[in-house]
Structures are given as structure tokens and as C-alpha cells.
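Look at the two complexes coming up: subunit A is in both, with subunit B in one and subunit C in the other.
Moving on, here comes the complex of A and B:
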């Protein structure tokens, strides 16, 4: 259970590496103009434009430049001003580095909680020795290092886009739910929904987390264990053990409504608070109705068809106008369709369920960026012990590297050299979507396989 | 949905049936050796067959209509060209001053009624910008840094405004000349361009502006044209507060131009004319041996193997052959023209063609041996110059701005001193240029109809991307298959590894990653070397090599024992995966580099085996595999590979350490992606191959 040696050194090195990058190459990288990094929703350049419009007492949403939250404008807007002798967006980059660090710390804390709960439930099931014989990685440390050293998250952090903040609030919601702090979970969920809409579906895993507690093997295993313990319960030592395990088993079964109610109340409070702040900041500049139209409406109707790494832009550039609404509904319902079956199948592992939801939504969202992948890859590493037997891991690894190198080259071929066309770039987008779906399918199936092996071990 | 699939996989363990694609992949992986041998051989043979598969070119864009109008270029224009060239030669002899020629050209431009100005530029220091091909925005600030230097070049530019155009498009003529020491051929190229220019100033059909750039090539043709284009596309805003340096530069510019004592006002104000539809670089070569016909040589390769649209070459070829009866040439490699094995192969193909015609008259593989050898030599030169990634002339500067451009090098049938030869030569050349311009003038859109990705096997034959990708795909197809085979093989045999599950490969990946990181550091070392006070190429190379070896040692220290505990099969599989990603990436950036690189890397990667591995096979096989490995490792070593290539492709190539250094210097000063390929993909792959070759198979060696 010991943590990874030199965790703090590695984490500090990751932070130092980010600083080094944006001190040494302030202008050379041009990451902010890459479609893979900055989407119309998260681009800091657009935010600066919105801030400027707001300073000139115009609606920040006029001119279809800015589509983010008005709260981000007030928070980051003053930092986007150019300072003499400093690289552009210097202070914003500082903020993003800190945000990344906080997110990594929260992932680590979540991982520690998950490890502890895993340890406890395995102890109850008497499986600690056979399962852990193959070696255990401290998943908290590992996941936070994966998040910090992931090239995608480094690129997002350098690339002057606001996705680090989106990621932070999502992680905050998950952490709050894992440590059963309803107010923090509600805060994270409301803000994540406010900033990018798609995290709204995380309400299912958050409620499951608050209600049932952290990830554990399926509850019927505990019942099985208990029943077998009772049937063999003649000897005294077994009795003691079953007596010890029974409350744990029961507590897993119980759904604590009070926490969920607290969460609901808190979410309501935070929601009112967010809307209130937004209405203050947009007073006489368009109001809330324009905000909803220009943020959520922009996300849902896929107005901006400039190329990105997703698949929707190409499709909606091709589709006939009279089919457009139909396909908009189809694409968005696609995400919603997944919610229920997955929630039923994975209800005993709500944290993993949250990862699956995030991965699916980042695959099907209207303006995806590599920042979303950075988030779900970091969360994936939280389950490194359970997913130790995942298939195709090497294939996926190579695929991610290949696609992330190929995508800028194809973009260059299409936009700057003029020798390729949109299909070249879209092909990498398709490959990327395929990789993500393979990742989701494989991780879910290996998680279920892990549960099955646990069942076999208990039965044996 | 994944939950549903899960239900299926539970039953999969009981039932042997699985999805078709999985079974196919398993089949391929199981027979990986056979598949890889077959694919490699098929790839090499189909690459040699490319000249047979080449198609005839055709003008794809209908709007071009080459040769549909009668030429207006007459004997009067020839006399004009003659007089212009003579004046320049005589004037050059008298004064030998660069500014005088620029002034002379400027004066003539103004006389024919064109707008004209001087463009002053400073030779750019060679910067090390490895990712230049990738970044889209060119910084115009950096070139103003060395304003204070007294060395400068002076281009004279003339613009004819089109009577029928809206001034939004232009065609560019470029004639490079050395202002310090003008030669007779340069004077004739200037004369030819001037006569066409003066003709075009009178015609009524012009719909695109004509820009004539007389480029001062004393610092290199490319530098002059490139700096003019940079100014064309990056307007300097004098009102900007940050550009005080630019202001100073302009003042100084005026100061220098005072020397010329310019007549008209505003003759150093930069003027523009719309987006460029096409650009022609005109050069004249003098010949001393007699030939049957005047000829024109086409150079088209721009940086990183980019080619202009094939239609531009098509119209030049069509007009030159069918209207002006010029002979059209493109570069070819003399080594291949003389090679006996190629002749033999050609004979064989010819026989096969005759035989197949007997079998079925519809099969048309009729190619003569001589045609085949010619085609291969031309193809080799096409591949070689694309693979270098260095433009073959000043037309390369245009391609960076997505303008299609080619260089036309005219050479007469005998010496230009002969009056008759000169007359017909100038007439034909002028008519060809006029025809091409008239054709391009008809264009309604940018060149887009025809191919951008092609290889030429003759002036009228090409291999398109769809065809030449097949040999390459066949060549690198074994890489993923063998990687998968090694990967799964390792999983079965070494079940008792320390790390459980499917994440064992992480250690091997760590080794491969560190070696690639080392290669990136090595590729950046020349940047540091230029700060050191070293002069000779041999010293620089040895310092570079020493530093590289030192850092490699450091990498091994960091890796520690890890580098020998990850299992050679896993290491090889990860290395092959990295190589295949790198090769497929390079095939998109610069196909020819990837093709040549694949021919070197693929056999090396596939055949490499630890020398200390114990096998059941006989001693003969073992010796064979070791010698194969050693030979491939020797050929794969970048300097050796470079010198072999040089010996094969370049006629007068000197081989040695200093030649190697110059070679690399050329590659990176031209920001060629080939340099990156060589150091980021080829070099680490080679090092890893050596690593695997020397891998100690601990468990087995203890037995042996």
C-alpha cells in the first residue's frame, strides 16, 4: 500500500516542466490556435475578446465570439490583459498550472479513498492475499502522476484554453462525492454543468456514490460470503468474522437518503447562487436568456462547424438542413441512451461509472478537445489495480500516440499546404473516436471480468 | 451497450467462435514470418514496377486551354530581347556594379509602362528552425534584426496591371541574376523575360496582373525570392510601436537608394498585385555540344517533397512539345542509366510483356527495356530530390505560400554565340513563356484539378499517390503484424514475469521512450554547437558524436538495469510499433523520405535478434542471421546510409566525415523534415536494434 516513491519530486517536476515550457517558449508553440486544444467554448482568445466587449459595455456574447460562462469572464478576464515584457496570457497560464496541480491533488485524495475502500472490502471478503499477491500500485499517486505528466494535459495547460478549470470542477464533484461531502459535490456538479453542460449526467454516479458509498465488489458477493460464513458458522472464529463483516455488508446495502437529500438541497442553493451571479454580471448586457441561448444553445445546436477532433462538425457540415434537427436530437440522445444500462450494470462501482460517463461524453460531445481525454485518462489510472488485465492496452497506447501525432500533420496538410482535404483530417477524428470506444468497451469489460474473478474466488 | 457485449464475452470462453476480424488478425499474427517475408518482397518488387504502372499525363483543368491561341511573340520581340541582353552584358563589363543593372532593368520596366520599384533585402542568417515545415505563421520580425549590416541585395520588380482584371490575381515571372558578376546566360534570361514582359504590357487579353521579379542572386537565388515573398505576404506596419527597428531600416534603405539617384518618385515603395496564381522561374543554360533541338528542363521539387500542381507541368510539356517542338527534360540519375542489373530487369519485363501479349492481347504491359531504365532513372531522381526535402531552385520559395511554381531552364541546341541558334532559341523560349502565361491567365480558380502528390517517371508520365502508396503500404504492413506476434508470443511464454497482467510492456516502452528522448536531444545539439568556436567540419562532427555518446551513456545510467530486464521480444515489439508510427507519419509529411527510410529500417527491424540467443537451428542459420544483422546495422547507420545514397544518386559526391557534416547542415538549414526523420525515428531505431542485438539473454546464457 506504500505510495509511489518520490511522488512529490515527480509532481513538482511536472509543475516545473509546465513553468519551463511557458517561460522558454511563450510564442513559438501557438498551441492556443490549434483546433485540438482550444475549442470555441474553451479558447482563451475568445474569452479575452468577450472580456473586451464586456468592458466596452456590450454583451460579451455579441458577434458569436465568446460562448463560455460570464463567471469565467469576471474571473479570468482581468488576467488576459497584455503586460509589457511578459508573454501573452502569462497570468492565465500561471492560474492554469495551479489549477492542474490542485486537480492532481484531488485525484490523489480520491485514489487514496478508493484504495482504502478496496482494501476494506477485500478484507471482508477474505481475498486480500490472493488478489494482492500480484502486487498493488498506489492508484491515487499513480493517477495523479498520470494526470500531471500526460502530454495531453500539459498541452491543454500550455494551450491557453479554459479546459483545466472545467476538469477541476468535475474532479471536485467526484472527490466531494467520494468523501461524502455533499456541499462540495454539489458545488462541483453545478459548476461543471454550468461551464460545459455535459457533466450534468454525472448526477447519477454522484448520487450512487453518496447513497451507496465508494466502489466495491458487487453486493451479492457480500451476501454470498455472509451466507457461506453462516453455513460454516459452527466454529467460533468464523462467527467472530461474520459478526465483524455483517455490519459492513449491511452498510453497503443501505442507501443513505439523507446525504442525497443534502446533495439536492446544496445543488439547489449553488444553482441559485450561480444564476444570481450570472444575472448580476450580465445585467443590462443581454441577461440570462441570452446567456442560455449562447452557451447551452451553442453547445446543443452545433453552430460552429470549424474542424475539431470530434466527428460532429463534419457530419453537420454535410447534412441537409431539413434533417439537421433530427440528427441533433439523435446525436445528443446517444449519450443519454448509455446512461441507464451502464448505471444498472455498474451501480456497485459508481466512481468507475463516472469515468465511463466522462469518456463517452467526451467522445460524443459537440466540441471535444484533448483536455477531455486528459481528464478521463487520469481517472482511468485510478482503477489501475482492477484493470491490470485489460486487453489491447498496448494497442490503445500506440493508437493514442499515433493519432495525436497524425492529427496536427493532417491539419497542416489540409489547411496550410493545400495538398490534402477535409477528409484527411476527419479520418484522424474517426480513428480517435474508434480508439476511445475501444478504450471504453475494454475497460468496462475488464472491470466486469475482475468482478467475476472475485466472485469465483469467493465461491471457491 | 458495453454491458451487453459483456454477456457475449462470458460465453466466448466456452465457444471457440469469435468475430471474423479477430480471427483474421489471429491468422495473420500466427503466420507473421511468412506474411512479412511475402509483404516485404512484394513491396520491393512493386516499387521497382512503378515505371511500368505510370500513366500518361493529361491537362485536367478545362479552363487552361493550352495552345488555343496563336502566339503573338514575334521576331521584333526577339530583337528586343537580344538588344536588352547585349546592353546588360556591355554595361556590366563597363561598370561591374550591381546597382547599375537594377537601375537599367528598372528604367526599361518604366519605359514599357509598368509600375516598378526596387526591393532591398538583407541576406538572412541560417536559422535552426526544425519545426518550420509545421508552423504556419512566418515571423516577419526576425528578419529585421540585422538591418544594420551593410550587405544587401536589390531586386527590381515590375508590375503590369491587367486591363481586363480586377487586380486581385497575378502571375509571377522570376529571373535570377548575380548582380556582382553577371554571366551571359543570365543576361539572356533577363532579355527573354523582358521581351515577354514588354509584349504583355501591350496585349488586351490580360486578366491577371503580371509581376516580373528580377532577383538579385548574389546571396543565393532562393534567399532573394524568399525575402521578396516574405515582404509580399507580411506587410510591415510602420505605425506599430514595436517596430521602431523597421523604421530605422526603411530610413537606411532610403539612404542606400540615394546612391542610385532614382528618377521617379516612390520607386522604393513596396507594391503588390493580388494573390499569385502561378510563378515561373526562367533560366538559360549555355551548351557547347551540338544537339538536335533546343530543350527545356523542368525543376519542380519544393521543400519537403512538395510538388506544384501537375497541370502546370502538363501545360509546359504540352506547349513545349506540341507547339514549340522543344525537347522537355526532367532530372534523372546517371547511375541508374548505366546500371546493368536494371537493364537486365528491364529486359525481363520486356519479355514478360511480350509473353503476356501472347496470352491475352488485352494485357498491356508493353514497355521496352530502354524506356524502363529511363523511367527508373527519372523516378529515382524524383524520389531523391523529394526525399532530401531541399528545394531544387528558387521556385521552392513559392510553394511555402501555396503558390504553384516551377523553374524552366532553357538550353539551346548549340552555343548561343551563333546568331541563328540564338534567334530561334529566343523565339521558341519566348513563345513558350507567353503560351504558359496565356494559359494560366485563363484560369478561373486556383490550380486544384490535377494532382499534388505524384512522382514523375518522364515529362509526360506520372505515378499518382494512389499507386505509389501501395508498395509503401506493403513494405510497412509487416511491422504491426510482427509487433503483434512478438507481443502475444511474449505473453504466452513468460507467464511468470514480475509485473502482472497486460501492462508488462510499460518497461520496454520506458526504454524505447528514453532512447527517443535521447535522439531528440541529439537533434537539438547542433543548435549548441554553433555557439562554440569550432570551425572545421570534422571537429564539429566529432564533438557532436562525442556529446551524443555521452548523453547515451547518461540515458543508460538513468535506465539502470531496467534496460536489460524487460525481455527482448517485448522491447523489439515496442520498437517496431514506434518505427511503424514514425514511418506512417513521415509518409504523409514527405513520402519519398519514408519510402527510402522504410527500405532501410524495415529489414533491420524485422531481422534483428540477440546474438546470444540460443536457438535450435543449425550453426549455418545462426551465422547467417548474425551476418545479416551486422550488415543491416552497418547500412542502417545514418552516416553510412547517407554516403551510400550519395554515391548512388549524386554523380560527383565526395564521401567522408566533412561531407556528412555538410549534408546534415544543408538538411537543417533548409528546415527539411528529413533531418527530423533521420534523428527522431531512424537513429533511435538503429540504436535500439543494436541494443537488442547485444541483449544478454540471461536465463539461457547461464545454461549455455
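Moving on, here comes the complex of A and C:
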């Protein structure tokens, strides 16, 4: 249970490394215009254009440039102004470093809570010794360090894109749900949905988290354990004692509706708040209907066909116009389609469910970027103990490295040198989508396997 | 009896009728003649003129100018004698107040052909097609009318003007293009190829076509051989003056210098001598009989005249430098300039003799160098950056240093420049990146910009429009504006057939509102009579068009939509199938099933057979099997029902 030694040193080093990159390469990196880092939704350059348009008393959405939230515009817009003697977007980058740090801290806190609940439930099941025989990692510290030191998140932080903020609110929602603070969970969920729409599906794991509590082995196991305890003829005194002391006993039975209702209420409040703020900032500049059309509409109809690490841009650049709507529906339904089966199968592990949802949506979303991958890879590390015997992990590791090296090369060949062809770059996108799907499938299957082994251990 | 009586009364009347008719007819005829003759002042008129001008770079400018006018429509209804009916209908139907359509090939060389005289500021046009129209309609009807106008013009001139119909290709300029009116639309097609198929319908509008008069000079090979070719049509309609249709054709030709190679071989710098017949391979065979006036003018620029004056020749047309032949009828002088400066001179020839062909020309005797009047700033536009992802547009204004005396005169003077730039939507301009460099140094843009109006582009909807008014001291030598842009990626169907050639950004228009080009001639009947001279006397703002930019855009692979669709769908199916498989799997049950199977150890065929037989009998060998079978049947029925309903609703 002891944390990773020197966690704070490593975390501080990660932050210092980011600052070092700022100082050493103030202009040369050009990460802000990389398609892997900045999508039309998260590009800070586009945000600056939107801010400029707003300053010129035009709607920030006129001109198909900016597609983000009007709130970000008010928050980050003033920071995008050029300052003499400073690299462009200097202050924004500072903000993103801080945001990254806060996100890492929240991941760590979430991990601590998960560790605690895991410890508790294993203790109840008397499986602590056999399961943790091979040693246990402090997943909170580990995930937080993975998030901080992940090259993808460093690149996202350095390249001016707003996805660190999107990631932060998603993590905030998960943290809020894990620590059962309805208001924080509602805040994170509403803002994440407002910023990038896809986190809307996180409502299922958040409700499960608030209702049932943190990840635990399937409830069947506890019943099995209890019944076996009864059959073995334990003393009634002991049984009563254990029933009172075990928190898991409660979590099996009651789904705490009050927390969920609080969450609903708070989300309603926050939603009204967000809409109110948006309508204030867009007053006389287009209004809310234009905002929805230019943000959610833009996400759902995949209007921008500029290349990114996904596959949808090329698909919709090539597909016949009369099939376009059909495939738009197919791709988006694909995200929604898996919600229910996953929720049924993983309802006892809502936090893991949230991770799977995030991974799926970042694979199938219309404008994916490496920032999304940084988020789900960080969350993946939260389950490092459960997923210890995951298959293909070395293959996945190599695949991620290979794709992240090849993708810029292919992009350079196609766009800058003109010697390559769009298909080469698209191929890396396909490979990346394959890798992500293998990651999702393998993590889900190994989590289920983990539960099965626990069942076997209890039964034995 | 009665019938006879009646006949006797009718007969004298019939006898009288011819007399009556004869007595009336002279009056009628007189009236008709009056209509033809005096109607020249009141009714429809047509005039043709040709202006020839030697250019400093050994080329010759020929500017044909035809003008038809019709009085306000209420007077003479729908009938036209001279005025083209198609144009009159166009104006009436679409309530056009002003319209200008130009087809241009080649680029006007502002440096050597002049940039500040009225000829260049009205006739220098951007390459391709340019169309603007001012409507007399309420604002909400204008866009629909514009679309109709483009189609009408495209049919009328055999050109793809109808491409301007799409909202991505035209814009509604604010203050930068002409005055600040909301009912104007502007569109340009820089890629349009201009050739004889556009000229023929244009000539069809003329009353004599190219059969007689000055238009007969338009020998296709010699016209299209030139360096610049611009045919223009301008319509002005008003309640007061009726419709004025002005058609001009401006060509810059290289005179055939072989003929006088013999005696100019000693000196290459001598200007080539030319005449109408040497340039057009034709002579003027009389005027168009319907034309009120038919003139040929030769213009000599003010730099020539001032140099001649220094040599002591004055305005004589036959001197030691050159000879004009034949002798002009009249010499017309410009009076609009500062004292102590020379002015351009026009030599006029009247083309009325039908029998004697007029072959106007100039013969240079000694080498002679002069320069054309420049605009205050030379304008050019170029692209910066490499690769197909992003770049920047730069517009540079370089002082021509011609107005040094002007700068000296007024030290505190300011220069105003208005830039009007339309950018197609796939060039996504970041307007916040506008940077202004004055004499190479980055300047705070708010100090320079007096007025700015931006209409950002909408994807597949609207082109971006930038209108900018700059103000800076006259002493500035160079101003460079840069704007960053991202290149858009289009759908495979939106690329033209030659996608790898790149896309054109139409010319930007730069106007200098402080500078006007106008001339003043002595007010006599001849100068007011000539539409061309009248045109020259109008006050025009000096303007120049920049180059067309060619932006290469990245192309997807056009040949493999099917591969992309199948690959992507395969990856998706892989993900979906495997994830669902993982979720559905129950390893414990599978193991149990495997055990039971091992116990039963039945072959595949007997199993199938038993299943089939049970199905036929309607019996269920196993309860679990039956439920799944039932479920699948139910599913099939639901799917069939859904399909049926879907089909029903669709039809």
C-alpha cells in the first residue's frame, strides 16, 4: 500500500520538464499546428481567431474557425494575445501546465480511493494474501505519473490545444463520483459534455459510482462468501459483527438514490448555469442556437475533413455523398451501442467502465487527438493491479510507439514533401484505430478474467 | 335598287381614297425620316471609336470603344432600333442599375503600360471573368436575382459565368468596392479561359457586328496573339438617361517589326513603327452606317509630349522623332494638370469615307524612350510558406517614387489605400494574424488601419472578404501585409478535374481614394460628342488589381473510395465484434458445455438431423434450445416487420 517512493520528485520533474521545453524551444516546436495535437475543436489558434472575431463584435462562430465553447473563449481568449518578447501563447501554455498538474493530482486521489476500496473488498473476501502475493503497485501514484510523463500528454500540453482542459473536467467528474461528491461530479460531467459532447455517455458510470460506490468484485462473490460463512457454521455473534463492520455488505444491497438524485439536481443547476453564462457571452452575437449548431453540429456532422489521427476524416472525404448521413449515424451509434452491454457486464466496476467509455469514444470520435489517448492511458494505469495479466501489452506498447513515430513521418511525406500519398497517412490512422480497439477489448476481457479468477478463489 | 344606290355612294369614296393616302404619306414619311435623323439626338444612338497608343515597351495598345444608348424605356416601349434587345430585357427584368462584365486574358502590366490614367483604371481588369452588378431591388431579393443574372449572362456570352451562382463564389462588398451600398454583388472567376466563343456573342450585340466599321478590324488571330486581351461590357441604367451600354475591347499587341527591320537594324532600341494594317492585317473599310460617330484616335502620353517639348517640337505630328500618317483631322489637348507640366495629346481621325481605306499609323525615326504614368504604389501579392498545410498571403505595396515632388510639397500628407480581397472558403484565413510591415519593420496594425471590415468565410457557404483601409504617411517606401491561412481539405467530389494544378485566389483590388484620373478637354462639340472622350473626362479613382494566386491544395487519393470504405468498416467491425464477443462470453458455462459435449460425443450430422426433425415435428428436444430458437424466430419476425414498415413508409 505504500506509495511510490519519490512520487513528488517525479511529479515535480514532469512539471519542470514541461517548463524546460518552454524555455528551450519557445517557437521551434510548432506543435500547435500538428494535426495529432490540435484538432479543429481544440486548436488554440482557432480560439485566438474566435476571440479576435468576438472582439471585433462578430459572432466567434462566424467563419467556421472556432468550434469550442464560448466560456473557454472568455477564459483563454485574453491570454492568446501576442506579448512582446514572449513565445506565442505563453500564458496559455502556463495555464495548461497547471491544468495538467491538477489533473494528475485528481487522478492520484482517485487512485488512492480505488486502492482503498480494493483493499477493503479483498479483505472482506479474505483474498488479500493470494491476490497480492505477487506484489501490488500504488495505482494512484502510478497512474498520476503515467499521466504526467506520458509523451502524448506532454506534447498536448506543449502544443497549444485546449484538450488538457477537456481532460481535467472529465477527471474531475470521475473524481467527484469516486469520492461521492455529487456536486463536483455534476460539475465535471456538465462541463465535459459542454466542451466536447462525447463525455455525455459518462453519465452511466457516474450514476453507478454514486449509487453503488467504488469498483469492487462482483456482488455475487460477497453473497457467496456470506452464504459459505453461514454454511460453515460461524458463530452468529461473529456474523452480526462482520455484517455491521463490512461496508461492502451495504454496497450490495442499496443503490443510494439520494446521491443520484442530488447528482441530477446538481447537473440541472450546472447546466442552467453553463447555458446562462454562454448566453451572456454570446448576447447579440448569434445566440445559443448558433452555438449548438457550430459546436455539437460540427462534431456530429464531421464537416472538417482535415487529416487527424482518426479514420473518419478520410472516410468522409472519400465516401459518396448519398451515403454520408448513413455512415454518420453508423459511426455515432457505434459509440452508443456498446454503452448498455458494457454497463451490464461491468456494473460492479463503474470506474473501469468510465475508462472503457472514454477509450471507445476517443477511438470513434470525429476529431480525435493524442490528448484523448493521454487521458485514457492515464486512467488505464489506475487498474494496473487488476489488469496485471493483460495480454498483448507488449504488442500494444510497441504499436503505440510505432504509430506515434510513423504518423508524423507519413504526414510529412504527404503534406510537406508531396512524395507520399494520403493513403500512407490513413494507414497509420487505421493501425492506430486497430491498436485502440485491441486495447479496449483486451482490457475488458482481462478485467472479466480477473473477476473470474476471484470467483474461482472464493469458490475454492 | 338599294344595293346599287349604296354602290354609287361608296364608289366616289373609293376613288378618293388613294388621293387621301397620297396626301397623308409625305407627312408620314417626313416623320419617319425625322425619327431616323433627328432621333439621333433623342432616340437610340450608337458610336464607335478606336484609340491607339504606343506603349513604352515596344507594344501598342488598341482600345475599341462602342457605346449604345437608349432613352428611358417608357418612351419607346419594347422596340429597339439599334439597342440590343437582349440587353434591354436583361436590364428591365432584373432591375439592374449598373453592371460590369469583363473577360480578360493576360495581365495588365501596371509598370510599363500605366497605372494612373483613366484608360488603365477603367480597363485594366483581373484575369478571367469579373462581374459586378448593382441592383435596384430590396436587399432580400438581390441574391436570387444575382443568380438569375449569372445564368442569363452565361447564356448570352457562352461563358461559365453561371459558376458565380454558388454562394461560395460571390460576395457582397462593403465600403472597399465602389461606394458603401448594400445592393452590390461582386464575383470573379480567375480560371475562366477567354476565347473567340466569348467574343462572337459580344460582337453580336453591336449593330453592325464585325461586318462593317471599326469592329471589322477584329481579326481573331491578331487579337488573340496579343499580350493582354480584355473585353468588357458595362451597363448603366437610370431613369434620367435610359440605358447606356458600353462595350470595350482592349488589346495590347506587339507590332510586327519585321517590315522595318531593314532600316532599324542599326539601332535595336528604336520603337517599332506600326499601322492598323500591320497590326490587324486589315484596313478600316468605312464606318458602320448606323453609327453616329466613328473615330480613330492616337494618344501620345504626357511623357512623350514633355520630351518633345524639350526638343522643341511641340504638338506637331510630323517631326524628327516620328511621323503620324495620314495627317490627323484635329489635335485634342488635355488641360488637366499642374502648370508647367505637359499633357497627353490625342490626334483624331474621322472614319467616314467608305471608299478610301483609312490606315492610321506611326513611323518612328529615332530611338525614343519614355515611361507611363504610374499609380502611387506598385501592388503585388504573393504566397509565403511551403507545404500543403498552411501558408500566408502577402500583399506588398511598393512606392513607385514618381511622386517625390508631391511628397516634398506636402510633408505631412497621408496616403490612403483601400484593399479589397475575396478569398475562397478552402483557404481558411486567420484574420487575427494580420501583420503590417512598414519599410520592413513590424508596425502596430491598429495605428495603420483606419477602417476594417471582415466577412469570415463559412465552409462550403461563403467566401471570406477582407476590406481594409490603410492610412500612412506618403514618405513610406513599402508596406507589406501578411495573413496566415490554413488550407482546407475538400470532399473528393469538390475537386475539379485538374485538382493537382491548384486553386486560384481571385485578384485583390487596391484603390487609392486620394488619387483620381481624369482629363479635361476644351469644351467644344467634338469633345462632348465623343463617348470615349466623355469617359476620359470622368473622375475615376486610381486602382490596380493584383496577381491571381495559385494555391496548391492537398488531394486525397481519387481512385480508392471503395478501399477506404471497406478498410474503415472492417476495423470497426473488428472492434465491435470482438468486444461484443468478449462481453457475451461466459467461460464457466463454456467449460460446462464442453464437458457435456464430450460426454454426449455426438457427430455433427446426426445433431443437425435431430434438430431438423424436431423442427419439422414441432417438438423440442431440449428446453434451452427451444427458447433460443423461439427467440431467434421472434427476432426474425420483428426484423421482417420493421423492414416491411420501412418500405411502406418510404413509398
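As a working rule, the second predicted complex is superposed on the first by the 445 of 460 C-alpha atoms of A that agree within 3 Å, B and C clash if a C-alpha of one lies under 4 Å from a C-alpha of the other, contacts with A are read in each partner's own complex, and residues count from 1 in each chain.
Following the convention adopted for this analysis, contacts are C-beta pairs under 8 Å (C-beta built on N, C-alpha and C of every residue); 3 or more make two chains touch, one makes a residue touch a chain.
No experiment lies behind these values; they were computed from the predicted model shown.
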| Does the superposition put A:440 against subunit B (first), subunit C (second), both, or neither? | both
| said: In the overlaid three-chain picture, which partner chain does A:448 touch, first (subunit B) or second (subunit C), both, or neither? | reply: both
| query | Which partner does A:416 reach: the first (subunit B), the second (subunit C), both, or neither? | reply | both
| request: Check the residue A:311 against both partner chains and state whether it touches subunit B (first), subunit C (second), both, or neither. | output: second
| request: Between subunit B and subunit C, point out the one touching more subunit A residues. | output: C
| field | Which of subunit B and subunit C A:402 touches, first, second, both or neither | value | first
| said: Contact-wise, after the overlay, does A:394 reach subunit B, subunit C, both or neither (first, second, both, neither)? | reply: first
| message | Going by the contact definition given at the top, which residues of subunit A touch subunit B in one complex and subunit C in the other? | response | 338, 341-342, 345, 415-416, 418, 440-441, 444-445, 448-449, 452
| message | For a test of understanding, state which residues of subunit B touch subunit A in their complex under the given definition. | response | 1-6, 9-10, 133-137, 306, 402, 452-453, 487, 498-503, 505, 509, 573-574, 577, 581, 584-585, 588-589
| Any idea which subunit A residues touch subunit C in the complex? | 33, 45, 48-49, 51-53, 56, 58, 62-65, 303-307, 311-321, 331, 334, 337-338, 341-342, 345, 363-364, 414-416, 418, 421-423, 426, 430, 433-434, 437, 440-441, 444-445, 448-449, 452
| remark: In their shared complex, subunit B is touched by residues of subunit A numbered 28, 30, 134-135, 338, 341-342, 344-346, 356, 388-394, 397-398, 401-402, 405-406, 408-410, 412-413, 415-419, 440-441, 444-445, 448-449, 452
| field | Residue ranges of subunit C touching subunit A (in the complex, touch as defined) | value | 386-390, 425, 428, 430-432, 452, 454, 456-461, 464, 486, 488-493, 554-557, 560-561, 564-565, 567-568, 571-572, 574-576, 578-580, 582-585, 587-588
